[in-house]
Amino acid sequence: MISTLEILGLSIFGESHGKAVGFTLEGLPEGKKISFEELQEFMERRKSKGIFSTPRREADEVEILSGIKNGYTTGAPVSGVILNADSRSKDYSPLTDTPRPSHCDYAAMQKYGRFCDLSGGGRFSGRLTAPLCAAGGIAMQILKESGVTPAAYISELGGIKISTYKQKLPLAEDVIFSHNDPIPILDEGKRGDILRALDDARKEGDSIGGVVELVVYNTPAGLGGPLYEGMEGRLSSLFFAIPGVKGVEFGDGFAICDLKGSEANDPFRFEGDRVVTATNRSGGINGGITNGMEITARVAFRPTPSISKPQQTVNLKTKTEEIIRIGGRHDCCIVPRAVVCVEAAAAIAILDAMLARRK
Amino acid sequence: MISTLEILGLSIFGESHGKAVGFTLEGLPEGKKISFEELQEFMERRKSKGIFSTPRREADEVEILSGIKNGYTTGAPVSGVILNADSRSKDYSPLTDTPRPSHCDYAAMQKYGRFCDLSGGGRFSGRLTAPLCAAGGIAMQILKESGVTPAAYISELGGIKISTYKQKLPLAEDVIFSHNDPIPILDEGKRGDILRALDDARKEGDSIGGVVELVVYNTPAGLGGPLYEGMEGRLSSLFFAIPGVKGVEFGDGFAICDLKGSEANDPFRFEGDRVVTATNRSGGINGGITNGMEITARVAFRPTPSISKPQQTVNLKTKTEEIIRIGGRHDCCIVPRAVVCVEAAAAIAILDAMLARRK
Amino acid sequence: MISTLEILGLSIFGESHGKAVGFTLEGLPEGKKISFEELQEFMERRKSKGIFSTPRREADEVEILSGIKNGYTTGAPVSGVILNADSRSKDYSPLTDTPRPSHCDYAAMQKYGRFCDLSGGGRFSGRLTAPLCAAGGIAMQILKESGVTPAAYISELGGIKISTYKQKLPLAEDVIFSHNDPIPILDEGKRGDILRALDDARKEGDSIGGVVELVVYNTPAGLGGPLYEGMEGRLSSLFFAIPGVKGVEFGDGFAICDLKGSEANDPFRFEGDRVVTATNRSGGINGGITNGMEITARVAFRPTPSISKPQQTVNLKTKTEEIIRIGGRHDCCIVPRAVVCVEAAAAIAILDAMLARRK
Amino acid sequence: MISTLEILGLSIFGESHGKAVGFTLEGLPEGKKISFEELQEFMERRKSKGIFSTPRREADEVEILSGIKNGYTTGAPVSGVILNADSRSKDYSPLTDTPRPSHCDYAAMQKYGRFCDLSGGGRFSGRLTAPLCAAGGIAMQILKESGVTPAAYISELGGIKISTYKQKLPLAEDVIFSHNDPIPILDEGKRGDILRALDDARKEGDSIGGVVELVVYNTPAGLGGPLYEGMEGRLSSLFFAIPGVKGVEFGDGFAICDLKGSEANDPFRFEGDRVVTATNRSGGINGGITNGMEITARVAFRPTPSISKPQQTVNLKTKTEEIIRIGGRHDCCIVPRAVVCVEAAAAIAILDAMLARRK
């Protein structure tokens, strides 16, 4: 079993059209206050909303089965399930002979053969981000007790550049305020263009992608480590666990390659007694370890491969090339719903690194 | 202990100015032929060369201590050490009061306190990529037995765009041929500009960064898995383990966010009996699982923070801001030496995923 | 998170008086046939029966939430829950000031403090062997496909020595037949004494312990490995995970210490073409690796600490010594119900070692 | 890769006749004082001594390659090697056709095939306990800083029962004093018998086994956890990693099965302000968690299978049964040298559990 956590053990189970999806999170410290209301509000942010999302509606209510009692963690594994209320068993279909382009179908059949459950996307479905968010929402509450706040927003959508931390670090309250809208962005001036882009994609039966940016406010210094203990690696492996992610960068990321060292280095200075850096091109991480500045990261989401436009594929049975049209319910853009997933993934990785620090 | 491997166990030990650096690689199958000459040639590619690299010279000879007998793996852990011949004990210095900007110094002290060994960069030094390459070089030989060939080259350097797989997948032989030059690039027309950029940086006491591209030829289909088992996450966590990496993307990466799904999806077609995709914007990975096309990835290396230009920092003892100049031996650009490190990291992650497949 | 498995990932969650107990088992191969009826029959063997067991009655029906479809494993994690129907919320009580002797109370409070859920034994309860058996029952079915059959029985109870493999290896069919009785033993002549011992203990408000013996029929050769990969260590760490186990031995175990090497060694001989050993004092394991003979093991279960006889303890609040009487529902002997737990633990460890073998 | 540690990562490498054996221990906290002299004294206890041990003589000097600087751990992985000075390359021999009874030969060939290095016992040799002791000796020094002292001695040898903690807990100073003799026992009256037994075995070309007892003085309460987190499982998996161990029990172990609960339970009482138990039949562990009493354990070592007496085996090539006589250098009893190995294994498991506690 693969894991990229040091202290915590995270297990996510379930399939899109199964009875339930869920998680077990082992290794949480005892005595941490967990509010179910707050958890449910966090889950709410992941739900499909408005005309741009799949019409599949799920209550997404997390039922905690263990590890929390009277509102506090007990030190035992926390496990939770989320029932798949609206799983449309009639959509059930055998493995397709015509794999959908850039979807998991073909690759999954190569790994699991004919036994793979791909109904509704199976374990590859975005549905599996529900238990990720449930586990992450719990981690988030424990983090916030220490003031650590991972907060994300959309920085690009369908090719439209919105505001980015690369130009100016947003205020925590502005990021959190943005979560009140189904499409959390920091530059209201761009909202019209974005809505048009989403609407166009929906009408065309197409999809669009985007970039989610994460800022971790009050990142403690000293998390992570050199080499395979590095904070970038820990975070990226969980970001890439979110379906649709094709790129991850920290701080200035790929753009830093174009700078000289003298431009790229973040000079140290004092802010009162506190050591800070004048810039934060490193994204708060040097040598794999947090330096006390905000962790900043960008996560690239591809346009979802589920589009209703006709596409070319192969028929594995007849060995001919075919045109397919994908029916069913889809988001024309998953990025708005992915914002909270990025926060959840970050919360788990950061809490894990904090627990590993033992201080 | 953190690990992102499923079957293999990789442990890298040593510090820049210690007696030796080394590795232990557990879980290799028995009966795999390992050539020491081939391993040493692989190591050779990591060595500093020419005027653009640190004058520190190391033989970098890997002494295998266990797990290989008569040229074949025995099934026992393979361990190897590389002596630190030229470690200049006179460079030994206590922890600095003036941390170097964007270097590990400050962050490492936050984690390990005054006991951290930062002499010569300690465990954070690029020196630690020597055992990574030794372990990766062994994995590479085992992979090649199955025809799987991870091969990397420089795609950008100091802001100069060279050739990229995004435009045209290079031939395996061209990538491998490029390794004959200390600066492996695929577009000779750019070599003059690159040498000038390197020379300028060196003369200015500055540094430059770049992008390494990886193509895995003959990637088997069916490696990886959904969620935290995904091939992108496995690879990225090892890429980010290489010092200086600030971004990782697969296939079209961040650029895919600007496309529509109908543009981004890779249509399936037949090539004889073989299912292939007409394009490979997904970088050979769908739903976290390889689809049989080449894995393609881009790894962003920041300009090395060790520059001799004066820089602003803080004095932690006097609580004042200071200007420092970093002496010692440095590469003005680590990207040429990083090419083989990216191959090594990929080889380990891919071999691990192949061993996990059990087929 | 601690684990002693190489390929599989096992997570057990739940508390005695929570909503449910359950498990997630990651890493199972796809395409393995799983019969729910057979699983339920396996679970049935763990249930409390007769007058010697706790009057707590649970349906112990395993609801599989993921990873099995149309009766076959899909390759995704298998997760299952077992509802705690009869959890008597009225039994809920705050942490005790008077810890029960040799029970988990005091030790658990030392670890988890006042947040620990000890209601009904919490995560320490024998109730948690239900998900262990569910996971083990699935492993068992996969093992049986290869003919590998772990089978256990009671070898000692309340000081009464019954039959042991040390004298004569029982036939597989005799062990399996013994499972038809709530008290699985191989020597009917001892049943009268055993029933009397159980009855005496029950009447006295006391408890008795015993030894469960395991024989793995058709153990494949080549499982395990040297040092921390050894089959004894893998099995023992799961045996000791069963509440109440205080000793584990393989083959002749402690008794082998009294022999000379010439007496203890198992001479090789041929049985037709097959290499076998004339004796099996090693319990089928040499150098940590199975040699193809039956794995034999003995697991010592202490008398359950929950007795109704008055006992001396301390009052942590008043700092005085007190006499307590433990009420509630208890087994006077858990050994009969532990037989199937030993099989379940063994099945998981052996399947894991088989999957690790990759052959 | 299998591991039963929660925080630490332990990797042991090397073969009996290779260049070196060694270890890497990841996850040690920084700033812990390590004395090389003390480590070497610990190693000294493992060395062969006197006429009862193999004439193979090794300096067993641990060369620390990383992770310790100026006498303190740095927080980086600690790696050490021990050269195989006296490896007698002339003893090198191809895989045998006549596997030695109860030795690893046959089982190892079943797992690794013809590539296995069995020369001198390969990775199965007792030689591999040298790096275990080196890693354990470091853990021991860190433990002692907190006053925690695992100390072991021989409780049975060649069938002779010496003193046992089951009757009376020995004083720490008596156990430590016993380490001055090559055969550490607590009852001098038995030394004559023991020496005779050893001498007889040696003369007869036979071997004898025994039981090592461990007492962990000043065990902190609250280590371990329920189920697979249990302290018994953690310890046992490392004890069984020592070659030749066939049984492990805690506290009264197998004997507790014969008691009633009312006899087996350890009543709590006060010793001043401290909560203690009047007896310690549980071996300091309840519900998998330490209760603050001494951990007590017994580890059964089989007579070493390497005897020079003629033995029956099979010839795998000719398919006939044969008589073999094993030459070479052997201990007629490994138990005296195993005492320190038990301490080393315990030190690693306990330090790991203490680090996991985060308090």
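By letter and in written order, the chains are A, B, C and D; residue numbering begins at 1 in each of them.
Rule of thumb we're sticking to: a contact is a pair of C-beta atoms (placed from the backbone, for glycine too) under 8 Å apart; a residue touches a chain by one contact, two chains touch by 3 or more.
Source: prediction; values computed, not measured.
Path length between subunit A and subunit C in the touching-chain graph (shortest route): 1.
Distances between chain centres, each the mean of the C-alpha atoms, put B farthest from subunit C. If each chain is reduced to the centroid of its CA atoms, subunit B and subunit C end up 46 Å from each other.
Centre to centre, using the average C-alpha position, subunit C and subunit D are separated by 26 Å.
If you average the CA atoms of subunit B and of subunit D, the two centres end up 39 Å from each other.
Contact of a single residue of subunit D with at least two other chains is seen at positions 1, 3, 5, 7, 12, 76, 111, 122-123, 226.
Subunit D makes touch with subunit B in their complex at residues 1, 3, 5, 7-9, 11-15, 18-22, 24, 26-27, 30-31, 63, 65-67, 69, 72-79, 81, 111-117, 122-123. Touching subunit A in their complex are the following residues of subunit B: 1-6, 10, 12, 99, 101-108, 110-111, 122-124, 128, 132, 156, 158-159, 201, 204, 206-211, 221-230, 232-234, 236-241, 243, 245-254, 256-270, 273, 275, 277-278, 281-283, 285-292, 298, 300-307, 309, 311-314, 316, 319-321, 356-357.
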